[in-house]
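Paired with subunit B in one complex and with subunit C in the other, subunit A is shared by the two complexes that follow.
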Partner chain A sequence: MHERKIWDRYLVGILGSLCLFTLALATFIKMDRHMPEGIVRTMILVSPLAALVPFLWAVVRQVRRDEVMHQRKIWFRYLAEMSAAFLLYAVVLTISLEVGPPMPKGILKTLVLVSPTLPFLLIVWAVVRQSRRMDEYLRLILLESIAMAFGITAGWVVTYGFMENAGYPRLSMFNVWMVMMSAWAVIAIVRTIASR
Partner chain B sequence: MKNILRELRTERGWSQADLAERLEVSRQTINAIETGRYDPSLPLAFKISRQFKLKIEDVFHGE
Partner chain C sequence: MNKDKITVHYRGELLGSLLLFFLVQFSSMGLERAMREGFERTLVLFSPIVPFLLMVVVVARYFWRVDEYLRLKILENWGMTAAITGVLTFIYSYFESVGFPRLSMCTIMPVMGTVSALLFVVGRIAGR
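Here is the complex of A and B:
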């Protein structure tokens, strides 16, 4: 198959799963306020993570198309580590959201609610390990993309800080994470389109 | 920096993927070096020249 077509199919897969993620996230934000606590609400809260399955499938298909065996091995190892870390994250997050909220206020409740941070650190560790396995050019591209995402996020945070002085509502710190990841995703997609 | 990587590779009938496999780098990296979008580090430049059994200055030269 022509290489450009291969990249086009990959991009369709990636963009499709990102749309699914956004849809699941929007559904959970809309329904969260109206739903009583319980397993159904918890499942809706973690449902955006399910969108990672088609995302993973698109990436696996793309890696399988790579003709360089050495690179295939590197990426499959990364996907295995990342999938395991994400699975663990989803399980701990579900348990934390189910068990944490009804608990009485105290250190134990805080620990249960922040427990998803531990598998999240495993996700970060998987990215760091992969960046060390990558060759120097791909590592440069990765670091440039992260630096650009950092710049966009810093610009957004500072600008919104000034907007808060003008009366705009205070936002949760969680928004910073969403902006950073969205910026990173957009930069990665734009660079993929430009280089295919 | 300029290089004759593409010429050396095609002389031997290797694809970019073949050379990438031999050097344990990605095909994108070979493409970026051949098109002049990326200048490799000294260790990688030495690895490339050794692959073709040439001196580093025979493969890479200043503009």
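Here is the complex of A and C:
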């Protein structure tokens, strides 16, 4: 297939599945509390994760097209590690949210509710391992993207800090992580398009 | 310009912009209490963003003036700072669900600065 067509298909797959993920997440946040227990509620709960399947499929297809065997190997290893860590995180998070809230206040409740941070560290570890396996050039690209995301997050954090002084509400620290990851994803997509 | 001169210039510029930032920040905090709600008050509250942008320009100038090696070291420092800050904020978000208070976004910048400085010091000690 023509190279440009391959890239177009890849980008459509990635962006389409990300849009689907955002839509499923928004539906879940809006409807979760208003719905009675049942199969429909469970389906809405699982839908954001299901939307990640076409994303993963698009990435796997793209990796399979790589002609260099070594590159293909390290990317598949990364995808396997990342998926396993993410799945473990989802399982631990679900268990902690089910078990934690009804428990009496104390150190045990805190430990149960904080437990998802352990599989989360595995996700970070998967990224670190992948950066070590990469060649010099790709590592530099990765570093540049993370540094740019860092700059954008720092700018957002400072701006929102001033907005708090003007009366805006205090947000959860989870938002910092979301902004950083979204900035990283946008930078990666823009650079991919620009490098074609 | 040689490496030492660039570093001296950078430290001077950064210190100057940092002092200006604190000056504007404390002045705006003092002024806004005496002001009524409105566009002028919002402008005063947002005014520290100008010296902050000046700090960004100083760092960006330094980044483009140094050689390839130092640029890579700076990138590594920023990358690791982003990762550590991301992990710390993510872990704290779970503590929030247990009852810890929501902190102001202004607390993130000192965390980022401290992590970056610590990484710089550790790198210097390890590089000896």
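Definition applied: the second predicted complex is superposed on the first by the 178 of 196 C-alpha atoms of A that agree within 3 Å, B and C clash if a C-alpha of one lies under 4 Å from a C-alpha of the other, contacts with A are read in each partner's own complex, and residues count from 1 in each chain.
As a convention for this text, a contact is a pair of C-beta atoms (placed from the backbone, for glycine too) under 8 Å apart; a residue touches a chain by one contact, two chains touch by 3 or more.
Only a predicted model underlies this, so the values are computations on that prediction, with no experimental measurement involved.
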item: Partner chain in contact with A:Ser195 - subunit B first, subunit C second, else both or neither; value: first
item: Which of subunit B and subunit C A:Asp135 touches, first, second, both or neither; value: first
item: Partner chain in contact with A:Met173 - subunit B first, subunit C second, else both or neither; value: second
item: Touched partner set for A:Phe120, first subunit B, second subunit C, both or neither; value: second
item: First, second, both or neither for A:Val158, with subunit B first and subunit C second; value: second
item: Which of subunit B and subunit C A:Glu67 touches, first, second, both or neither; value: first
item: Superposed model, subunit A: greater residue contact from subunit B or subunit C; value: C
item: First, second, both or neither for A:Phe150, with subunit B first and subunit C second; value: second
item: Where subunit A meets both subunit C and subunit B, residue numbers; value: 140
item: Parts of subunit A lying in touch with subunit C, wherever the complex brings them together; value: 109-110, 113-114, 116-117, 120-121, 124, 127, 140, 142-144, 146-147, 149-151, 153-155, 157-162, 164-166, 170-174, 176-177, 180-181
item: Subunit C - residues contacting subunit A, complex; value: 29, 32, 41-42, 45-46, 48-49, 52, 56, 72, 75-76, 78-79, 81-83, 85-87, 89-98, 102-106, 108-109, 112
item: Subunit B residues touching subunit A - in the complex, by the definition given at the top; value: 15, 17, 20-21, 24-29, 32-33, 38, 40-41, 44
item: Of subunit A, residues touching subunit B in the complex; value: 66-71, 134-138, 140, 195
